[in-house]
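Here come two complexes built around chain A, the first alongside chain B, the second alongside chain C.
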Partner chain A sequence: MKVDKEIDVLHKVCPLPLITLAKEVRTMAKGQVVKISGDDPIFEDSVLDFCREGEHEILENNREGRQVSIVFKI
Partner chain B sequence: MQKKGTIMLLSGELDKALTAFIIATGFAALGVEMKMWFMIWGHNCLKKRRGLFSRRRKPDPAREGIYRDLATDNFLQPMVEILNRGGANHLPLSQLNLMGLGPKIFSQMLKKKNIPSLESLIKEADELGVKFNICQICCDALGLSVDDLIVPNVEVKGVSAYMKDTMDAQVNLFI
Partner chain C sequence: MTVNNHTDQQELIIRLREENDLLRQALNDTECGRKLIQQKDEFSQFLGISKAIVSELDLSKVFEMVANRAREIVAAEMVIVPIINPTRDRYTYMGASGKDAEELLGKGFKIQVGMCGWVLQNERSLLFGESNDWWMDEKTIWEEGQQSALLVPMFDKHQIIGGLSAIGKIGGGSFSTHDLDLFTLFANQVSIAIENARLFQDHQNIIGKLKQEISKRKKIQTALEKEKEQLAITLRSIGDGVITTDTDGKVVLINKVAEKLCGWSQSEACGKPLAEVFRIISEETREPRDNPAETILKTGEIIEIANHTALIARNGTERSIADSGAPIRDKSSQIIGVVLVFRDVTESNRLKDELLKVKKLESVGVLAGGIAHDFNNILVAILGNINLASQIIGDDNHQVYPLLKDAEKASLRAKDLTQQLLTFSQGGEPVRKTAAIPEVIKDSADFVLRGSNVACQYHIADDLWLVEIDKGQISQVIQNLILNASHAMPQGGNIQISCENIKTISDPGILLPRKNNYLKITISDSGIGIPKNIIDKIFDPYFSTKQKGSGLGLAITHSIISKHDGHISVCSKLGEGTTFTIYLPASSKEPQSLIKSTEIPPVGKATIMIMDDDEMVRTLAQRILSQFGYEVVLAEDGKEAIQLYENAKDSPNPIDLIIMDLTIPGGMGGKEAIEKIHQINPEAKVIVTSGYSNDPIMANHKEYGFCATITKPFMIKELIRLVSQVLS
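== the complex of A and B ==
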């Protein structure tokens, strides 16, 4: 899968992953694919809520230990 | 429908201001149009920290005069200013302040957990497009200038604007 932008928010805590994600998504066009990785305990919930609010389609959701990577389409 | 929210910050304590800005930035990141209002001690977190006896610019009728009645300015305003210098990194805690030691311990605890400082959250809120409004009578009574705040474009407004904003929003918080 072609990912247009990879965002790394490892070691960032709430609400910084969301702020970083929102700022990056604003600079991108509809239809582009974003991959975001983080390890905050509520990172997964935050990004899923972000996608639900913005009506973004989730393409992948992988967890490896504490680290979660989510791929979604804007 | 565009989701909207307002936060009125009345308190000048670090813990309460931090809560207000975490909510504001989080909501704004999730696409909610956020407006923050600052009243009385609430504006302390936005103030540029100055030296105890730093000279202040004389109020300019073309700038401060627009939202303040300069004719009724008095000697009490600069005296209160010395006692209430504010600054995002110099706010007290509402509990366990321990004569100023509490906020230092608290900030250290947040830093160890990578939790952003209040000042950086204020900057993030500004970048996310959170609107800042400050109460007009608060500016007038305390002799404030919006040029002395760390964020640009702070608007000075009254209760009618607050009424419109709050009635228009789904969430209104008073902290």
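== the complex of A and C ==
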């Protein structure tokens, strides 16, 4: 799966991961794929909420320990 | 302890300070004491900060100060201030301080999103750091190297309004529970400041909106006042009368013209029932007309007020008016009043009546013109034959003679009547000759007053100027005036007639083409006088106070004087009498012939041609002229006259004089015939005759080549004298 943009928000806490994600998505086209990784305790819930609100399709959601990586299509 | 003086006070302060320092030193020596001192200092700083924030009322500044001070208090890399939106389903970062602050300011999320969302929904604090359990779901625990976070909710009196969120401890590591306590305390303090500032801002917004509303309303009010003023000016300036009423039919507005016509001012009329201010009646029946406001309010339709409606003003003055009325409707088409528009048509009606009279006169003129020709020819025959018969009898004592004289008189009266009617036909142009007015006046007055109990007293200036007049017409004027004067004095009396020269007319009321050299004639009686209300109408055609009057006498008088470029006016007092004053322009010419010859000139020898379509006229003229020794040739029309004239030209008996009728129905008349005659003989002598004494050709006959005129019907003496004059 081709990922058009990877966003690393590891060690950043809410709301900075969401702000960074929203800022990047605004610059991308519909149909492009984004991968975002973070370790903030509320990171997973926040990104899933963000995708639901923007009707973005979740392609992958992986957790390794405290680190979560989510791939979605804009 | 009692302090007696200033020195004691100073000493006491110094001693207390020393004791304070000692206590502080002692506390510093223990861990617990140090913590207490730190807490005291933090608390003092904290109170100072809170005070500063609470005193600020600008909400954006409050958020900025809160974020900045909060960051200082807990030594955070960044502090953000999430505030729940009025809809309470989202929150927005209203304040931010530190790294990435600009990026976050104004951003927002749904209430359930993020750590802030968790705090705002659960209304609980959150410390993501080393010494505190993670309360959310134990999914993760803070580890060294991660950013620590500290979040506390903020409440006003009743509910959560937002929170404070500190992210990243300066220098790394985690926020402590002590930071949490300070943050909570700070949040409680600043929530009041935020609420105050919010209330203040709401208040300011309301005030701002109110100010805007007031300003808007003021503008609308100003515009309305301007419009009202313009409307009032327009209404007051409008040439028609305008009255508006409310739905009770009471006057709301009355414009200037309406004020004048009704006799009520705006302040007097306002609130009065319309019928009181706007009193209208039928001019014919004198009955009050229906109240137009009531009719309009009842039917909701536009109405026109009937013709012949009179408005009775407050002072009783009556005016003819034309009027219309309409309902006034608001935006929803509801009737909110009535507007009436009316105008004074008194003068306009008078002019219409005048016009009608003029048209009637024109009809009379056409009728008169139509019958004049034939009627005059008949009169020529009657009058001429009576003259001839009188001459043939030749004896004044003959028993037939007075009968013939009476018949002649009757014929002359018929002639006068015809001339009166003819004044109205063909434009009535006077045939002017230079004349002395006293003779005309005396002859006319004596003629009218013969046998009556009224006499004339003359006051005539010796050096009276001559005038250029149509004697017949001026005689008619004098006769009319004298007759009226005599009728005004049924018991008899004197009529004063005066004539004088007027060098300059100074009265501005007398409108004349020039100001200098007029003859003033005044005719005064001491009769019953003319009532004031009809004095303006006496010159109107068909206006008469006499049972048998035609109503034409004074109208003709006025017409004749006007056509002579003169002026006539009247002045009267009831029971005292009436004076007519006439101005006629003085002539600069010498009199043509002021000595009236009554003698018939000696018989002449000449050949005279009579051209007339009427056999009676031809026969009479032949009889008269033959009796005086003239040879007479007769022609029916211009064509025959030309032929006869040409044939006779080179014969032993050429035609010396032609008397030709101006108008030949269906044939060549005098105007055309004289041109042909003059082509044959430019020296030919031609007299023109017509019943239309006021025909322009008769008035200006010389311009058309005629050497004299004679108006039909004519007397023998008149004809013979003229023929004799022309031939000599």
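Note that the second predicted complex is superposed on the first by the 74 of 74 C-alpha atoms of A that agree within 3 Å, B and C clash if a C-alpha of one lies under 4 Å from a C-alpha of the other, contacts with A are read in each partner's own complex, and residues count from 1 in each chain.
Just so it is clear, contacts are C-beta pairs under 8 Å (C-beta built on N, C-alpha and C of every residue); 3 or more make two chains touch, one makes a residue touch a chain.
Values in this document were obtained by computation on a predicted structure and should not be read as measured data.
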Fit or clash between chain C and chain B when superposed on chain A: clash
Partner chain(s) touched by A:Ile42 [first = chain B, second = chain C, both, neither]: second
Which of chain B and chain C A:Gly54 touches, first, second, both or neither: first
Chain B or chain C, by number of chain A residues touched: C
Which of chain B and chain C A:Arg66 touches, first, second, both or neither: second
Partner chain(s) touched by A:Cys14 [first = chain B, second = chain C, both, neither]: both
Contacts of A:Val3 with chain B and chain C, given as first, second, both or neither: neither
Residue range of chain C overlapping chain B upon superposition on chain A, of 43-51, 511-519, 547-555 or 709-717: 43-51
Contact residues of chain A, present in both the chain B and the chain C interface: 11-16, 18-19, 22-23, 49-50, 53
In the complex, chain A residues that touch chain B: 11-16, 18-19, 21-23, 49-50, 53-54
Contact footprint of chain A on chain C as seen in their complex: 80, 93, 100, 103-104, 107, 109-110, 112-116, 118, 128, 134, 136, 139-140, 143, 145-149, 167-168
Chain B residues touching chain A - in the complex, by the definition given at the top: 22, 25-26, 28-31, 113-116, 124, 127-128
Residues of chain A that touch chain C when the two form their complex: 11-16, 18-19, 22-23, 39-42, 45-46, 49-50, 53, 66
